[in-house]
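Two complexes, one shared chain (subunit A), two partners (subunit B, subunit C).
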Partner chain A sequence: MSRELLRYLLTRFGQLLLIVFVAVSINFIIPRLLPGDPVQTALARLQATGGAQNVDIQAVSAAYRAKYGLDAPILEQYLNYWLDLFRLDLGVSFANFPEKVSTMIGNALPWSVTLLAVATLIAFSVGSLLGGRLAWPGSGRTIKSIVPLMMILTSIPFYLLAIILIYFFAVVLKWFPPAGGVDTTRIMRLDWATTEDILRHAFLPCLAIILGNVGFWALGMRSQMVSVLGEDYITFAEAKGLHPNRIFVWYGMRNALLAQVTALALSLGSVVSGAVLVEVIFNYPGLGSLLYVAIRGQDYFVIQGVVLMLIVSLAVLLFLVDLIYPLLDPRIRR
Partner chain B sequence: MSVAQDAKPILVVEELNVHYDTGKGPAKAVNDVSFSLRPGERLGLIGESGSGKTTMATALMRLTRAPGRIAGGSVKLDGRDILKMSTRELRETRLRDIALIPQGAMSSLNPVMRLEEQMIDAIVAHKPGMRRAELDARVQELLKNVGLAPEVARRYPHELSGGMKQRAAMAIATSLAPKVIVADEPTSALDVVVQRQVMQTLGRLQDGLGAAVVLIGHDMGLIAQFADTVGVMYAGKLVEIGPVRQMIESPKHPYTRLLVDSLPGIEVKRELTGIPGLPPPLVDLPPGCSFNPRCPLAFDRCVRETPLLQQVAPGQSAACHLYPEHAALPPLPPMTRAHQELRP
Partner chain C sequence: MNILSSLRRNYEQGRISGVLLLGLGILAAILLFSAIGPFFVDAVNAQVGAVRPRKPPGPEYFLGTDSQGRDMWTLLIYATPNTLKMGLIAGFIGVGFGTALGLIAGHFGGIVDAVIRVISDALLTVPAIAILVIIAGNIDRMTTLVMALVVASLGWMFTTRTVRAQVLTIREKSYVEVARVNGESQWEILFTEIMPNLMPYIVASFVGTVSGSILAVIGLEALGLGALDEMTLGNTIYWSQQSSAVLRGYWWWWGPPIVVIAAIFIGLFLTSVGFDRFANPKLARR
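Moving on, here comes the complex of A and B:
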């Protein structure tokens, strides 16, 4: 590894730490900027909505006070907050007292990560390949006729697409379950029946995300590819007598992908927020649904925990993209 | 390198036409161009920007891209018409028999591949069976031939200077010892010192391979130094072609004369002369000879009739109505008032 590369990696890692630091600090400061006692305010609101009738409010309140020492100086609170974070302690849920927020996030995270990673990866690969083919002069008419379809798909919002899918495939055709991550009666085991159940439930949400994104990637790749194909190195590659497939992949796609990966990094935020909506519609047991339920129930610490989780995972994803980028583009390694 | 005068031509171009389709009809960027090239011959094609030089270079390898299209003619390489080959045959012929040294060497290398990979994939496309060790040895040999250090093989294009990139492109173009090399303004983006080195390298390579070269450019001085034969293009047409010495010392076409006169000399300091006016738009060529609006010797026939290329001296042909009535080009009149006003 060259010294430049090492410096690049260290700089990017430093940026990651900075983002996480700022996110955590804002997450700490915002509630404390509100007038009054955050615990009291939250509990009062909870009581007003009748969301916690069977919970001993005084006990919860006392537990928080003891735990956070909310009368302590702000700097000490800040320090404690960080110490708690290092112990992965994000507080306790109001609505499901005394369940820990970290446990709730831990339960939801695998669902979201798998769904999102698989769906985004498929949408990105399929979309990019389609886009490359759309711009390739050797492609037939059939493939070029899908451009309008791609445009329609990109312009329909995620949640509408999700509702349409539920209507056709779950309500009318009954091929897939309309909601949930797994059958409510299923006992989770590592066997084929469980896996199949999970896959059946994941199919429609996954499809919704793929359909919602594939057009974006296809159209983006198409315009990138058009400009790459106009480059001199494509003409020279042809003059070398290379096979068209080799030119397509190694001279065309390979260069057009650089901008696509940048676009991927930039759009991760919207991909995540779009996925939140899809999860809510499918009642999928991931972070999105958790966040939605927490917001409705004003479950303060859960919201805080999930938002922190989202920010940190976005920062980590951006960091990963930054790691991949120099592998794709040698010009960045300097 | 001496050229056998009686050798069978290796490249024969006949009535080549390349059109760009525009809203106003086809722009005839290459218009009925014919010439031939013997093995080892160095042909320099010269012309102003927009005269169809680069279009011609790409058409010789059938690399013409939309909106351009080859509208007719033939390009016979060793008797086989490149324009009629199947795509597979064409692919096999490119680089192996006819290779391109591209104009924009700066941007002709794939930015994400190491130079050796780009050299190897060219060789492997034509010789699939070669082993890695042989390929590496070949890459080293090719780099040495163009005066590049062995470690350059592992570099990416952005780590090379302009001259190095141009040499690298030459190494690729000569990797299969082609019979014809088409060099499209190989030195256009380089400074004069590097230009000279690159041209010397090209000359040495060509000598070693015995390949014929079509060198395309706009720099009369550079072309004159390199070529055995010089062809002059104007508005898509080849207007004069002949041995380099004759072309410089006794050009027959008025346009060639003006081009030669516009070469700045060291001995006599004088005002730089250009050629008044601009080349005509290719979609809307003037009737008769395309050069007539700018020609100081134009007469009525030039406006009516398109001149054909005809022999005007041994080995020298010109497309001009002054011949065969005149034996040599009459002295050009001093620039008239009208011509002065044509000055851009």
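Moving on, here comes the complex of A and C:
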């Protein structure tokens, strides 16, 4: 590994730490900036909505007072907050007292990560290929006619697409289940039936995210490809008599992809935001639905934990994208 | 007359494209719909329990009614302007704040620039909904105005980035150098030399920010964090979800708001694509 590559990786890792630090601090500061005692407010609301009938409010309140030491100096609270995070202690749920927030997140995380990773990868690859073809001079008229469709799909929020998909494919046609991650009666085993069940449930949410994103990648790639095609090295490759497909992939796509990967890093935030809502619409058992249930039940520490998890996992994803970058761009690797 | 002829010249040169006109046309139609709509309907029908619930579209109720006994057509007419209002307010605040920060960062440079850049870059990569949920969830009494402010708090980074980059380019132009030699002060250069050249970028950012803000507002509302007692498009989606309107087949409940939301986004998207061409004559020749 060369020195430059090492420096690149270290800067990126520093950025990862910075985002995590900022996220944790925001998560700590915002509730404390707003007037009122967060624990008291949350518990009062919980009681008002009748969500805490089976819970001993006094016990919960005492547990939180002890844990968060809300009367302690702010700096001490902040340090304790960090210590708890390192112990993966995110507190306990109000609504499902005394279940740990970290357990709840641990159960939800694999669902979200798989769904989002698969959908984003498919949308990115299909969209980029499509976009490259759109800009390629040899491609026919039929492929160009999808541009307006791509524009429409890009501009509509994809959780709204999700509602339309559920209506047509789950309610009218009944091809796919309308909600959930697996059948409620399913006992999870490592066999084909379970896998098929999971895939069947994941299909529509995945499709919603893909449809909502594919246009973005296609349009981005198209404009990148148009400018790459004007470069001298393309003319040179043509003059050398290389096969058009070879020029398309290794001279065109490869160079245009650099900007696409940068765009991927910048757009992941909004993709995650959208995916959270897609999960809510499908009642998919991931972080999004956990967040939604927590918001409805005023489950304060679950909300905080999920938000923190979202930010941290996004920062890790960004870091991974940054790791791909040197593979694509030899100038960084050198 | 002068304006008309200049518009025609721009159109003939291809700067005003069909895309821009289509986008602006869609937006104008939506604005018109929400401006004159209230004159044709009775506001009472949009209140809970005003009409018979769960009626499909028919001669009596043009777009049907929801489970809470509201006339969907009336509801839509009152909800659309509220959603647009939140987007516009958040857009103005976000772009205003973003422009100011971008100008400061680009023009003065140094440590101020570094701090602004690091914060805006970090916030750009964080999923906005996560932070907005924390803020919105801690507000006791939500209104549409507060909602606009909440969303605006994360709507400035993109503008800051664009403006900062442009300031850095423009700052090196020879006319700025001339102004400096002529003894204009820092502020004079900033506002009389640099600012006017930023206008196309600021307008473009504004369209993008309004679109992003409406997206965030509807997202928060769909999660149930909106001003639930006010009529907005996002709240309509929320209530339809709450009543499982999709599974129960009440398509007229969630369908129309989705169509209006889609129209708003498509209009904004086409406007921004078309405006790119207007601001960037090089693109028009393609």
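Going forward, the second predicted complex is superposed on the first by the 329 of 334 C-alpha atoms of A that agree within 3 Å, B and C clash if a C-alpha of one lies under 4 Å from a C-alpha of the other, contacts with A are read in each partner's own complex, and residues count from 1 in each chain.
What we mean here is this: a residue touches a chain if its C-beta (ideal position, glycine included) is under 8 Å from a C-beta of that chain, and two chains touch if they have at least 3 such contacts.
This one's a predicted model, so the numbers in the text were calculated from it and none came from an experiment.
Once the two complexes are overlaid on the shared chain, A:Arg254 sits against subunit B while remaining clear of subunit C. In the superposition on chain A, A:Leu328 contacts subunit B only, with no contact to subunit C. Counting the residues of subunit A touched by each of subunit B and subunit C gives the higher count for C.
In the superposition on chain A, no contact is made by A:Val316 with either subunit B or subunit C. Looking at the shared chain after the overlay, A:Met151 reaches subunit C, while subunit B stays out of its contact range.
In the superposition on chain A, A:Ala237 contacts subunit B only, with no contact to subunit C.
Touch criterion met: A:Leu268 reaches subunit C, while subunit B stays clear of it.
Within subunit A, not a single residue is touched by subunit B in the first complex and by subunit C in the second.
Put simply, subunit A touches subunit B in their complex at residues 137, 231-233, 235-243, 246, 250-251, 254-255, 258, 328-331. Listing the residues of subunit B that touch subunit A in their complex gives 58, 61, 63, 65-66, 91-96, 99-100, 102-104, 107-113, 121-122, 125-126, 156, 158, 169, 172-173. By the touch criterion stated above, subunit C contacts subunit A in their complex at residues 118-119, 122-131, 133-135, 137-140, 211, 215-216, 218-219, 222-225, 237, 241, 246-247, 249, 251, 254, 258, 261-262, 265-266, 268-270, 273. On the side of subunit A, the complex with subunit C involves touching residues 18-19, 22-23, 26-27, 30-31, 34, 36, 38, 41, 151-152, 154-157, 159-160, 163-164, 166-167, 170-171, 178-179, 265-266, 268-270, 272-274, 276-277, 280-281, 291-292, 295-296, 303-304, 307, 310-311, 314-315, 318.
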